[in-house]
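What follows is a set of structures for review.
One chain, subunit A, appears in both complexes that follow, with subunit B as partner in the first and subunit C in the second.
Take a look at the complex of A and B:
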């Protein structure tokens, strides 16, 4: 019950937030939060550390952006679905190649595959190379609701986020989620019970890639831009940072982590320290790995336990 | 009249970088029996288990289950065929509850385990059966505890309950009573006897009291090779077995036969019920 109350309060806050904060900032947070949640589904619930998740974000972003720009009268939901489908397909192929490996080898394979995709997008004519795809129209949702207004767009992004988040929540609390947890806890035991563990890991990978794609597609519409930053390995690193900072394997951790990082980046970019953004992110990363291994959510839980 | 063999290994060999851990083992497990695999530490018992369930790939040799060649099958496929093993080092799903541990095994035979869009509430129909299984190993009162919080002996019981949940045709138990206190050993031995009535069990066991009590047939392994095979009386009368176990002269009393690496309490139990 407590959880339900908390969820309602959070929903209320999200609904009134654009009255206080810039909608574009909020949308950025939501997109990255969804991206981090998708990543966390894989890391926190299957123990697989992907170091190439930017591919899925970037693919969603490029496909949706390209379609919106080049197909006359295309509605955004169709363009998003197309971006998501492509991310899912790439997720399936990459997942097939990667889930057989374990630990560091899994991370290396995902990184290598992501680099492959990066160079493809760099060379492919439709992505606009270094410039990216600019001036992407947001279009009319279902041909009716004009998304060009930031406030309208915000509520659309919020709906997308809630949908993605709900799917992740359900996945964790499903028969499939139970098996995933068992595999994470003790893989040999899960095998000895007769589970084809690679099949489960693959499905988890594909769901994660699909939702990362959804985050990317949405992000392309928000900023009306799809660029190489989205597929760069920096981005793959950033989502690791967001998840670890917030608390991996927790449901709210990635959201908190994404919010913190985006806020920090915005604050820094505006100030005199703008050039040192990567250095500062690096320091944040080191501190969070060394000092609070359970992330912000873990620390908060400790605080609550101590004081109540 | 040929015996009904459920599991057979033919000339099974496992080499680790020049070291032969399993050396030409021909094992035949008869259907409906409790078959014990014993031998001193490092004899290769766990390695044999790993080969039978394909957690390790044999260097040479053949494995047959119900007459079917399973040498090339994967571990999970072998489990689905009906050979389910437990592990020497207690293998539970630490952060799942005791009930969930058993339920994960029960869940495997359903076809909804890939359904990520369904609520886990649909698994609640398995709870009754799960509690039944927990009752059979005395764990029902702990159903909602996390597995990691159980004492070691109870973790082993949980592992057995989880294995039984799959209702396997052949159970491979790697030292099911290891690390258990007196009472638990008794409970688990009873349980093995009970489930052994309509199933085949191959078990590695150091507590020779349990072995004597339960097994129809015993295979003794030493340095990877089969030293001898027979029922308890035959095996324990074999001077080579006592020597392998204790490094003592052959004229000692068979009743004193016990594993040297076990604790005193285990030996006490043995003598008590022998």
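Take a look at the complex of A and C:
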């Protein structure tokens, strides 16, 4: 398989997509794809199941939204960087606490910490509680490019996504990524080889949190809204579903998973099946876990391997 | 590529500009988007019922306006501001929706109205409670129809305080809507010489209210006010009845919709006073409309947001006809100029700040022995004239309305 050619084709498709499809929908897919990729970096390549990743998404979007709305003349890239920095900081603190435990305890610690943050955001005056931060201006990128046009915004989001995705790709294929995989496969062996396992886990956690924050910050600008939905544990569950459906531990899996889930949500919300949206998502999850545990991309790879 | 994108953009803008000028009705169709909670906690008071009510209004209007077809689309906002604003964005940008009717949870309405105003499109708010949309978050494109927290507090709280129930205790839903309702009601209480002796905040979706109710009971209050809605209100009231609290002190539901009242055992809820913008069994006009509605909704009686959805849609269509265009500013000017007089709205008019002022009803939930059948729920005690029920324009602090 020629990877370079495939990547070029995908890039070409992404560039012309907004001429055919609705740009805001595509931006939503890209934001969630980045979020799922960030999550997958942690779950798929280091085997850590965080059940509180929504906090990083939500923190990014709240901070960016708040700054854009309250600071006069702030450019979006600065607001995004601030959101990302806050997410990274929270990621560091949470990661430091969580990596001391493994397996289900790790998941529970992240969930508990995420709930703490959720209630903080619910009560904090700057988030607007249940209403969220509404009417966030998109502003002018570098003070020059007006992002209020959907098409311009789309190419900006695409650039952000490619940047984030490239970073993840680089991380996975670096010596650091190899160590991560080693820890995932056999932690005692990694320890016996002299690796400081917890430090590797923490760094991976922080990178993942940072990129999740980037996704959140971008999302706040796209929808001009930061709300509790972004920090709710439903969101943490949704990203697990996206990653599992697409294929945990594969590069393109989370992108495909996020695309599938967002498309499903979009299609169902408008149709006659709107009332059953949660039921259908549940069924999708059950089928995915029972029938193809490697996810869409994972099964596809297996098929390719077997037949070609 | 930059040059190409620019030319594309410019040509698109030019094309959009010319079509807007050429036809009075944009893209030859008037499209109404009904946005509501179709599957969640507020589905009973909006949902499919609101969609049917809007369709009824379109059919009663004749299906066309200014010779152009009227279309109705609908979607589920799941009570999430992000979902709601995405749908609104898609409707306006992709599907040429001209007006949105509905939006239930105040958080969704806030997000949707902000977006719609930025696109200079009208939102008909038929189900939300918060009074923010005509005060601090007001916009020339908002029309808040059925009721709001101020009219509920004025209708329910004021007469009780004046009749000598001076000490109040709040059981409040712990989110934006509950807080707003509590704040407004507290204002009404202190303005009329009463006092608030305490309060608790219960999370949305609480099922066990016993500790909250016992706190309320031991506070020595004359009235326990329930500043919550839907199943929260039902559960709190049931708990109060089980502890025998309802025999000793008054319980006032600040926001009770007909389906909630219908779901409650008359032995529990009988005698409770509340305020509503509409009751199906008020007179011949309301009964005539409600019968037609029930025929389409498997016999379910309409709640006030359903009647409000019909009334606001009808008024909008009449305004489009009178203005001779579906251009938002011209339509809104007509909507504010024409009186709103139909089965739902009595002595109604749309004020400058977007508040539809109309008579509200103070009702009492009937006891079991008074009821003719399952749909016979309220006894109307008093009609509150619109000018007393709602916040005055000057008090609201809506900037654009005060300046113009």
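As a convention for this text, the second predicted complex is superposed on the first by the 300 of 308 C-alpha atoms of A that agree within 3 Å, B and C clash if a C-alpha of one lies under 4 Å from a C-alpha of the other, contacts with A are read in each partner's own complex, and residues count from 1 in each chain.
Quick note on the criterion: a contact is a pair of C-beta atoms (placed from the backbone, for glycine too) under 8 Å apart; a residue touches a chain by one contact, two chains touch by 3 or more.
In this text the structure is predicted, and so the values were computed from the model without any measurement.
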Could you check whether subunit B and subunit C clash or fit when both are placed on subunit A?
fit
Touching A:229, do we find subunit B (first), subunit C (second), both, or neither?
second
Between subunit B (first) and subunit C (second), which does A:130 come into contact with in this model arrangement: first, second, both, or neither?
second
So, does A:178 touch the first partner subunit B, the second partner subunit C, both, or neither?
first
Now for A:194: first (subunit B), second (subunit C), both, or neither, which partner does it touch?
first
Once the two complexes are aligned on their shared chain, state how close subunit B comes to subunit C by Cα atoms, in whole Å.
31
Dual-contact residues of subunit A (subunit B, subunit C) none
Subunit A residues within the subunit B interface of the complex:
167, 170-171, 173-179, 181-182, 185-186, 188-197, 199-200, 203, 207
Would you pull the subunit C residues touching subunit A in the complex into a rising list?
5, 9, 38-39, 73, 75-76, 78, 80-83, 85-87, 89-90, 93-94, 105-107, 110-111, 114-115, 118, 175-177, 179
Complex interface listing, subunit B residues touching subunit A
53, 55, 75-77, 79-80, 84-87, 91-96, 100, 103-105, 107-108, 110, 112-120, 122-123, 162, 166
Contact residues on subunit A for subunit C in the complex?
22, 24-25, 28, 122, 128-132, 134-135, 149-151, 223-225, 227, 229-230, 269-270, 274-278
